[in-house]
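Look at the two complexes coming up: chain A is in both, with chain B in one and chain C in the other.
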Partner chain A sequence: MEKEKKMKKPKVKLGKLEKREARAGWLFVLPWVIGVAVFMLYPLCQSFYYMWFNIRITPLGTKFIPVGTGNFTQIWLENPEFPQQIVTYLWQTIVEVPVIVVFALMIAIMLNGNIKCRGLFRLIFFLPVIIVSGPVMNMLVSEGAATIPAMNVQSIKTALDNFLPHSMSESIGEIFSNMIMILWYSGVQILIFLSALQKIDPALYEAAKIDGGSQWECFWKITLPTIKPMILLNAVYSVIFLSGNEQNSLITMIKSAMFSGTKEKGYGYASAMAWMYSLIVTLIVLLFFLLLGSKKDIYDRQVKRRKREMKKEARTVKRIERRGIRNAKKIKKARKKRNYRTYDGSGDY
Partner chain B sequence: MKKKILSLLLACSMVFGLAACGNGDGGNSGNTGNADNSGNGGGEGAGGVTTENITLTFWHYEDPTTVSLLAEKFMDMYPNITVEHRVIEDMSTDLSNAAASGTFPDVFEGTDSDTALANMYWADISEYFDADPENQNLMATISEYGIGCFDTSARFAVPMMYWPSAIFIDRNVIKNLNLEMPRTDWTWAEMVQLVKDATKDERTGMKYYGLGYYNRLDSLYGIAACSPDERALKGEFGFDGTDFDLSYWAVGEQEFSDLKLAGYVAPQQDTAEMEAWSGNWSTWFGATGRVAVFSEGFWTYQNLWGQEGYQEEYGLDIVPYVTPNVVDEKEHNVIANMYMGGVSTSCKHPYEAYLLLKFMGWGIDGWKARLEIYSDTSITNDSGMPLKNAQMPMPITLDEEVWEGYKALFPQDDRKPYWDDYFASVTRPVPYGWYSIAGYWNFCDQYFNKIGIHDLVDKGSAKAADYVDEATRQANYYHAEAMISYFGPGGYDVLSDEELAKYQAVVDSFN
Partner chain C sequence: MTAAEIIKKSFTKEKFHRFVFGTKEKEGAGKQIIVYGLLICIGFVYLYPILYMFSTSFMNRDDLLDSSVKWIPSTLFVQNYIDAGKSMDFWISLLKGVVIAGAPTLCNVAVCMLVGYGFARFEFRGKKILLGLLIFSYILPSQVTMIPTYVLYNNMKIVGTLWSFILPAILGNGLNSAIFILIFYQFFRQVPKVLIEAAQIDGAGYFKSFVKIAVPSAGPAILTVFLFSFVWYWNESYLTSLYVQGLSANSFWVNLVVQLSNFDTSFNTMAQTGDAATNLNECVRMAATSLSVLPLLVMYFFLQKHFVESIDRAGITGE
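What follows is the complex of A and B.
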């Protein structure tokens, strides 16, 4: 018991100043905490509850009719549009995310270079994030601003059709139709890469150049490994952005199901759709995490292994020490009882 | 200290912001199902109208300037009633949000009856409607076919805004092509023949097309195929009040497709075909002077062709014709857009709300007020358009005084006989399915539109007749299921056991 007490950290009573600072800290984060609780956790729990019901919102009150897994079976078995859209979404996201990330990285490297009017160019590349949102984006798409006129999308689709299944070639073909729009989605990612690039120690490049490293080698050996965590971050951000923006037909479908007046649809049906969709989005995020999640390099692994070995050695030393103490006690006891003899050289033990 | 004040301010603003988001009435979690027709609350004046000061909310699809002026007239008649109104942007979104937040309107117009019935938005107003003598003088099909009753014994809605289908003919084109103007009580076959005769490609200048369409001919044919003797078709897709029979539709669909494929139909706006024909992607065929017959909406005349100087500018001379019937009979049913209006189930003053509904829709007082507003062309809406050119509907009352005033709003020159004949022949309206048939929209949304029948038949890759059996089976199922759901024990509960069993048998046979 005494030992346990010793192991516990002593409770430190906060001083007046620290208490005040802690309170101020809590007050600062309070809006966020309330926001998360009210606008995220509560709707999340609510939608989880809703998905097991058929909900009718009448002027006299809300009717909850339990349907069990009825909403799910209806979505998968009676709504052919949802599975189709999910397949399209999967292909598009898997192809679009690398396009966005690579484009953002290229632009970030260029904007990080020593060029004239660098500030202006940085502003230009971030502008779409501010301007092209919601209805503006919808209008631009409807006016055909998302396509590159010189690109013959139909030929690309036909070519893809020759060696890919139709649903896959159609989805990938759509990416070429919306190429400009996809590139417009890169604003935030460029910013993240830019900040990561600026944090790389210039001494590394200097040392590499002294050793005769080319720009190409510097990119692969210094830049890319250093900003690798940012690639994962940007990939995840892109997946979430593509999955939740207004151009996503699944979002439109969920929204229209939510406000649909038909008796099968409504809040319950839309909630079930949204939960299944979020599960699929999570799976895609996991996929990118598995692909891009940082793996330690050989040096890191060796250090880790050495640390493990050192810990093991320390444990062995402690064990030997403990055994020695135990044996010493045993000998002491036996001596007291006088039945402990040491070897006297007579040949008898 | 500064930090503390700043954080306090942030937290307070957040909390107050959230408080402001709430509706404050504690929400509606009760579930009584039926309409609250419990009375007027407070004292009653002449005619049973409350003497209390009350406010009624009216949501609609009309021009807001027109409704504001009408609301003023209504408030002059009932000084203790204040009317607040707003335009509905999207019916299901606006109304479901209003129901969830407890701000549901007292009276509203709807374009999709399934939404209103599935969520029990409309209250049963039979008591008020049946007791009102003015309603005896409405167009015959309203009571004959129970438009607004949805094949039940109760009335939930009444047609508020009525626009009959119309066929317009450009007299200039007929003259240029040396053709005869058809008689005003023409038949379907005569119309199709005119479309064919008026299609001419002279290789010099733009081709003449026989037909320019907004309404597909198969929609019109669905009602036109019904002979006045049988008068069995109460709605689209061969609906007779209980069952569908899409064989009527299939004939019209195939005929329309054949006309399109044979080149008798003008290209639509914003298509490559239009660019090839007129040289401009965004040209509308109704402004080319090269199309003889138009299956346009009735409002196209008011909103465009009827505007001063429009026809002169584009060299048009447009006159209306009734949508013809397959049988040579003067009086026949015509398909129409009929926005349904009703009193909401949450309304606390249903009688007063009914009076407002009637005034804004079909009532004689309301129409007299409308005619005053429409005849004064100096009154314009926000777009600067005289109100008679802004979505003016047609009366469903047969009151002569109202009709006299209404007809005076249309051309009084040599086109007058065409207009008079047209008005005389649109007194038996049958609404499009989504206004009047339970389950119709579900059927279209989940079956008919999903498999893209129109596109397949229009392209010539399928025949309409191939879909008749399955589409009829599906339509009957969706209707029966909707009837049970809306009007059975889980809904309004107005169906008898026999009716329920009949609809249940259809559902069971489908499964």
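What follows is the complex of A and C.
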């Protein structure tokens, strides 16, 4: 709303219609802006504030005891569970996300071919999205419905232990034992890939075929570059989904810390934990952005550099102009006071 | 010519090669077999937990212990379902669940449509910042804001009521609202601006042209958002138990998924009073799981076409 006030006196004066349109736009967006302020930004700041305190709920009201960085030292140094879980989570996410994305891409490509019963297969692959929820998953996992019975997970784990650090082999073993669940998480991704694949212009493939390109080459040179943004989208989606999932043990930890009655835990401790956790999630998202984000091509970069140079030149010109005006003023002043002096004494510059 | 010669003549090595690997024009049978085989295998793996769940839920205890019974139960044992349903208060929980998921979903659809239209149709200062904020609000893990939000709701005295779901939804910050706003944003950008301008020339105001032109044209997007929002609210057990149920055991609001997460304790208390005909075992738990999944499955089989095609049409994939 503050921005609306600011809007009324913009630097470049808008036309009447444009002004009215802008106001209408703000009006349409306003509910969401208020919502973001109340339900996102305000809690965000508050949880930032909470994390420096030990908060205790007493019958007389909530007590805030400032502890400085106490919550953090407690999380990292005194409680061995959190760092351990973080490392496991990190490995798990970094391995699982590519598995999900590659798997989804594979299925999408298979479905995109000339296939009968495509509708049926889509129906099956999308089914998990509908019924996936925390308690249902917990039930299925606890009853052993989530593992492929023929797979010997233990032998895979011991084989991996030989040449990988323990935390890494542990998380990879976890992936094998929860294979079905990981496949289940890729329903939305399959559909996104499928609809992206169907939008690729068939003329591209035809042209490649005429030039003698095989299907393998077509995949690497046409399909993959075209759907690269979708790969990023799916990777980010998977990271967010995996980290907000109720199967995630870190989430359970934060929850239990939030409502635990012990002295040292509570809202403040849980806030600090949540901030740490979300920082790590953000880092993972950033990592995928860096890996998969589209690099601008050379032309774009050159245009940008040229624009920057032009701006710089304009600034220099302006500076020189300003200096000229300033100097002229100085001379005028000096002339008024009549204490100027020239070399030949004529008074003219 | 003998038959053997004909066979020898018509099955040359090249023909076989062509048959299996295909030509440039036609795909070979070998490839097709591999693709279908893979798809069927993966499809089975996908369905495995569900099949397992259903088949186990119909077993009685003898079948469970009998190692010769793997998939098909010897008798159709419905008692599991009766007991599980009784323990979960199936019909009441179902109705309440529909309300819990339905009410915020309606708000979500209405508000996200409004906001998405605002973003797509109008140009105004700060729009880029707001769009950035929108994406940020999607990426931000909800755990960071969870604790203060709970405190906030507590201060507003809406914990334990349905308002704790409806109020954020009205203000466009419900469950996954950012995705829905983006869906509507993408969708309304594809609606030709000329249509709306024509309406304005005919004297329609901003809001009227939204209601009369944009909303009727947004059918597929509305359906997508409605379905997804409903499913996500339905499956959200943790926030439901935290906000709507208010973490108290005897709260009015409860849905099937929350009942399922408390199933073991509730079933045990029921068994102690002697109402249950069976003991707590895998079969009963699977029966409870399938009961909590069943409403959504029924909905999915009726509306699956809309579910699956909606992602294409509503432009989740973006351009």
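Structure notes:
Going forward, the second predicted complex is superposed on the first by the 254 of 349 C-alpha atoms of A that agree within 3 Å, B and C clash if a C-alpha of one lies under 4 Å from a C-alpha of the other, contacts with A are read in each partner's own complex, and residues count from 1 in each chain.
Quick note on the criterion: a residue touches a chain if its C-beta (ideal position, glycine included) is under 8 Å from a C-beta of that chain, and two chains touch if they have at least 3 such contacts.
The structure presented is a predicted model; accordingly, all values stated were derived computationally and were not measured.
By the touch criterion defined above, A:W275 lies against chain C but remains apart from chain B after alignment on the C-alpha atoms of chain A.
In the overlay built on the shared chain, the residue A:E81 is in contact with chain B alone; chain C does not reach it. Which of chain B and chain C touches more residues of chain A: that partner is C.
Residue contacts after overlaying the shared chain place A:F289 against neither chain B nor chain C.
Of the two partner chains placed by superposition, only chain C is touched by A:P43; chain B is not. Of the two partner chains placed by superposition, chain B and chain C are both touched by A:P31.
By the touch criterion defined above, A:K63 reaches chain B but does not reach chain C.
Looking at the shared chain after the overlay, A:I180 reaches chain C, while chain B stays out of its contact range.
Common to the chain B and chain C contact sets on chain A are residues 23-24, 27-28, 31, 34-35, 38, 259.
The residues of chain A lying in touch with chain B in their complex are 20, 23-24, 27-28, 30-31, 34-35, 38, 56-63, 65, 78, 80-81, 259-264, 266. On the side of chain C, the complex with chain A involves touching residues 24, 27, 35-36, 38-39, 42-43, 45-50, 52-53, 56, 111, 114-115, 117-119, 121-127, 130, 133-134, 137-152, 168, 170-173, 177, 181, 206, 210, 231, 234-238, 247, 257-258, 260-261, 263, 282, 285-286, 288-289, 292-293, 296-297, 299-300, 304-305, 307-308, 311-312, 316-318.
Interface residues of chain B, counted against chain A in their complex, comprise 3-4, 7-8, 10-11, 13-15, 18, 28-33, 36, 90-93, 95-100, 104, 112, 114-116, 118-121, 344-346, 441-442, 445-446, 450, 482, 485-486, 490. Residues 3, 6-7, 10, 18, 21-29, 31-36, 38-40, 42-44, 46-47, 50, 107, 110-111, 113-115, 119, 121-136, 138-140, 143, 145-146, 148, 179-180, 183-184, 188, 191-192, 195-196, 198-199, 209, 229-230, 233, 236, 240, 243-244, 246, 251, 254-255, 258-259, 267, 270-271, 274-275, 277-278, 281-282, 285 of chain A touch chain C in their complex.
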